[in-house]
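Pasting the structures here.
Two complexes come next, and they have one chain in common, chain A, joined by chain B in the first and chain C in the second.
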Partner chain A sequence: MQFTLFEAVIWSLVIVLAIIIVILIFYLKILRRNIRVKEKNNIKYREKIEKLLIEYIYAEEEGELLSKKQKTIIKQFKKGLVSKRKRIIITETFLQLDQQVAGHMIEQMNSLYKKIGLLNYAIKKLRSKQWHIVAIGIKDLRHFKVKRVRNSISKLINHHREEVRREAHLYFIELFGFEGLNFLDNLKVPLSEWDQILLLGEVENFEYDETLDLKKWLESNNDYVVLFVLNIVKLFNRLETKDTLIDLLQHKNAEIRIKTIDIITHFEILEAKEFIIQRFSEISDKEKVAFFKYLEKVAKNEDAMFLIEHVNSNNFEIKHRALKILKRVDVNLYNKLEKNSEDAEYNRIIDYLDVSYGV
Partner chain B sequence: MSIKKIVLAEDNSVLSLLLKFRLEKDGHHLLMAKNGKEAIELIENENPDLILTDIMMDYVSGLEVISHVRNKLESKTPILVFSSSGQEEMVLKAFNLGANDFMSKPLSPNELSIRVKRMLL
Partner chain C sequence: MEYDYIIRNIVLVFHYFFLVFTVLIVGSYVILAVFSSRETIEYLKKNSFVNYKDLLTSDVAPSISIIAPAYNESLNIVENVRSLLSTHYVNYDVIIVNDGSKDDSLEKLIKAYDLERIEYLINQRVPTQPLRAGVFKSKNPAFEKLIVVDKENGGKADALNCGINISESRYLACIDVDCLLLEDSLQRMVKPFLEYTDRKVIASGGVIRIANSCKIEDGKLLEVNYPDKWLERCQILEYLRSFLLGRMAWARLNGLLVISGAFGLFDREIAIKVGGYDTKTVGEDMEIIVRMRRYMEEEKLPYKVAYIPDPLCWTEAPDNRKIFISQRNRWTRGTIEVLKIHKKIRWNPNYGVLGMLSYPYWMIFERYGPIVEVLGMIYFIFLIIYQPLSWSFILGLFLLVYLFSLLFSFVAIFTEEFTYHQYKRKGIGFKLILTVFLEPFILHPLVLYAAMRGNYDYYFNKKKKWGVMVRKGLSKS
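Let's turn to the complex of A and B:
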């Protein structure tokens, strides 16, 4: 049988492609098999490590620094550390238990972490050129409460990756409590809202410390530090910062000014009222609304004239609050107001307030 | 004293092993479940003296385990639940469903041992 040149080329291509497909099928089969074997080995090794860890914890003998069994277990752990795969499993197992148990066992695990040499690997991670390895290193050191690396970690608080910074900040707060907040002195970069929530979650667990000087951070050049510390002021009711709070009402950052009005409202600081009224025409609408929320708490009869000036404001929220507060502080004056206006919003607010009991 | 059967439902394998070790030291027989589904099967087949269950688990949650024991099996077996911080609402739900006690994580195995003894009295 004779093939033309064209047919010969086609047949050659078919045969080559068929061979490639067969090779790929075998390659994928081997790959899948290897993944399964690897997974199986990992599960087996994890089970072994879990068992060893529990045995170590319960092998403690009174009066002895380390029992014979504990020494043998340490040797077994050390043997596994050479392999990266096993090292990851050991670290994961430690972390898995570390967050679930309390008391003496945590101390035992932290001490074992150091004894088997995992600590050195975590410290080594801090020098990695890959940011995610650095972040994992800090996280490990935080979980195992390794305080002696604080100098190395303090160099990372302004790291260009927020993930690394976040871990560094959590390290200081979790391990050093209020003292750990000193990292704020050197913070030059932003603290995202999410970071602030995370940090505040930790700060909430602190024991109240009267000696902590929050004033220096309220005067920080980093606006994010000021915003974060304002939350702490509110959380711990640090009313002694009152004068600094009033100063912050003139801060160049509008977000800080609004947040400060919110804190002043929380504390019901009367001294701020006159201060803001004098500057009222210069402040933004958001600040004005925040101020009216403050007035809802602190306004008195003497503020009636100021309120009258704003019952026809273009801003619905200001108008509504001004009328509402006026009704509370000086109902006679409120009743003398024109009940019908060309402004439909005004009429609706008046109507609402007139039929609402107790407002 | 007869050996008491305890079903322990916990998806964290190391914690599960640690608690098993501790409670077996006290002379109890532990039946382990990795999730709520396995726990329900064990409870139905083994009729344990006590149930220890985590609130958050795969497939079937701790709340569903409690509901199954109290409403479907109509059993009065004491139940202790483990919760993590931030799960206070769930703990209240667990009590409403019929849980007898709770412990919040991180756990102290020694404290658990005492509570278990008290619940088995």
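Let's turn to the complex of A and C:
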């Protein structure tokens, strides 16, 4: 049988693909078996490590630097560190257990972490060319409270990968408390909302520090720093920043202005009211809505005329809030309003406030 | 003589057309596989050390509304809502929109969740059908996150729009009420929105996994099983290919054109700005993404449609041919409608990747692909009958196409094994391999048939809309 060139090419490709597929079938079988075996072995090894760790913690003998049992356990750990898989399991188990123990036990675990050499591995990770290894390294060092690598990590706060710098920022805050916030002085890159949530999660654990100067960060050139610190201002009720907050109402970044109105609402700072009313026509719709939320808290009878001006706003939310606040601060004036307008939205709001909304 | 010459030339034109089309489609699959693997590796690296728990207690975590339209879901509505309410997130609410159900869905919800009618001022930003019984909230503080809206029937898109009007959250998670969400799904889905500082993430889509035969209790996925029915097995493979390879690659290119209607997270502000879901198309999930992207392109705002490959959302797939064909028929009509609505962006460089890559890809390979395939088959039969083709050529070509499709399925399975390895049980590997070999004969002909029927219905049966999806309920699996 003679093949044309075209047929020969087709059959050659068929043979190549068939061979590849046969190989893939066998590989898939092996891979699935390996995954199963690996998972089983990992579980077993993890259990062993947990047991060893607990034994180590309780094998401490008074007066001795290290008991005989502890020395044996250290040897066993060191043996495991040669394998990358085992090293990962040991580190993970350390991290997991570290969150479950307290007091002296944490110290013991941290010292064991250093003794078996895991610390060196973590420090080595900082020099890796792969960004995610660097990030994991910082995370390990953060969890085991290794302060002596501070200088190396400070070089990473403006790293081009957000994951690396995020870990670096967390390292400083978790290990150095409010002092750690100083990394904000040198921050030239953005702090995403995700970053801010994680950082605030750490900041929340701090003891209130009156000496902390937040003002310098509220005046930072990095808008992300300002946004982040505004959250801290709110979190710790730092009302002494009031003047700076009022200045921030004129910030060039709209997001900062809106956030500032939110903080001012939280503190119910009355001085901001006139300031915003004066430039009300210049601000964005989002700021206007934020301002009306503020007015819901601070508006008084004297604001009735301002509210009247906005009961026919094109923005539903502003219109609703203006009417709602007006009803609260000056019900007589509210009652004098037309109850039937050509604006269906207006009628619905009035109906809602009069019939269903119990003020 | 001249007649023969014309026929030969026509045959030649067809010949090269099919050749070029085949090369393009094979090439695009290879390229997508490469992009997908790069994106998957990047995603796994990025998220291997992320602690999502921080988001659970944060005061500044953004608010999310889960919007789930329900139409005649009485059978499972109570369990499904319970599953949605057990989501682990700090700042969310669940809005169930009962879209004019004719059954006792509302009564069951009222009874199960101790609901009472409340006055609710709705900002009608997107027009919808009017309310029927109104808005309900629970008297029981344990269900304070639940809002049930009962409205006149207007279809899925209309119900979602009603949910959008009710919501006051920053993000909207639009889902099918019968979907099972993993507890940390919102945390994972919202992450891209919070991560980017150089562009706005307007939507994020998740992988949809098939829950048929899985063990589910109290709205929680306990065990992932591989079903016995071939139709379900083949759909699992198809979903793996589509979600782990296709969409992952498009996410890498920032060219994702569709987020599954079963589970997607949207920026509420942008969704409202573009007017919410289009109630006139059956492809509303694709349409809203195209419109949101179009809006961002026209406003020249940097943006991204993100994609999360984690298996977060599990749903029931059709287990019989009739329902399957009806579903795919609708998908085809949806694609045609959306491409038609937005034809302005086709090959339009002003729309960047959207106009020059995503849209043309969908048009050529998703819209016209099945038609070209059927034409190719007819052409091939014509050649067999009228041209002296050797059987070795026919067999060789058939095997080549078949083996290539197997190869692509294997790539999808390997991606799954290396990443999430959901089908752990011994013996499933063999079943997966068997599915790879049989899927081109079991599922593909149905897909092709449904696509052709979809084309026919689109042009000649305009009255056809959604079709019925009969659900058995995940808890009964």
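In this section, the second predicted complex is superposed on the first by the 291 of 359 C-alpha atoms of A that agree within 3 Å, B and C clash if a C-alpha of one lies under 4 Å from a C-alpha of the other, contacts with A are read in each partner's own complex, and residues count from 1 in each chain.
The definition used in the following text is that a residue touches a chain if its C-beta (ideal position, glycine included) is under 8 Å from a C-beta of that chain, and two chains touch if they have at least 3 such contacts.
Given the structure is predicted, the values throughout are model-derived calculations rather than measurements.
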Exercise for the section: State whether A:53 touches chain B only (first), chain C only (second), both chains, or neither. Expected result: first
Practice task
Check whether A:103 is in contact with chain B, with chain C, with both or with neither, and answer first, second, both or neither.
Solution key: first
Problem - First (chain B), second (chain C), both or neither touched by A:93 - result: first
Exercise for the section: May I ask you to decide whether A:200 touches chain B, chain C, both, or neither, giving the answer as first, second, both or neither? Expected result: second
Completion exercise
Between chain B and chain C, more residues of chain A are touched by C
Problem - chain B versus chain C as contact partner of A:18, first or second or both or neither - result: second
Exercise for the section: Look at A:28 in the shared chain and tell me whether it touches chain B only, chain C only, both, or neither; answer first, second, both or neither. Expected result: second
Fill in the blank from the handout: The chain A residues in contact with chain C across the complex are 1, 3-4, 6-7, 10-11, 13-14, 17-18, 20-21, 24-25, 28-29, 31-32, 35-36, 39, 131-132, 135-136, 139, 162-163, 167, 190-194, 196-198, 200-201, 224, 231, 235, 316-317, 320, 345, 348-349, 352, 355-357
Completion exercise
The chain A residues in contact with chain B across the complex are 46-47, 50-51, 53-54, 57-58, 93, 96-97, 99-103, 105-106
Completion exercise
Given the complex, residues on chain B that touch chain A span 12-15, 17-18, 21-22, 25, 105-110
Handout entry: Of chain C, residues touching chain A in the complex
Key = 45-46, 48-49, 51, 54-55, 57-62, 119, 121, 123-125, 191, 193-198, 390, 392-393, 396-397, 399-400, 403-404, 406-407, 410, 413-414, 417, 421, 424, 426, 429-430, 432-433
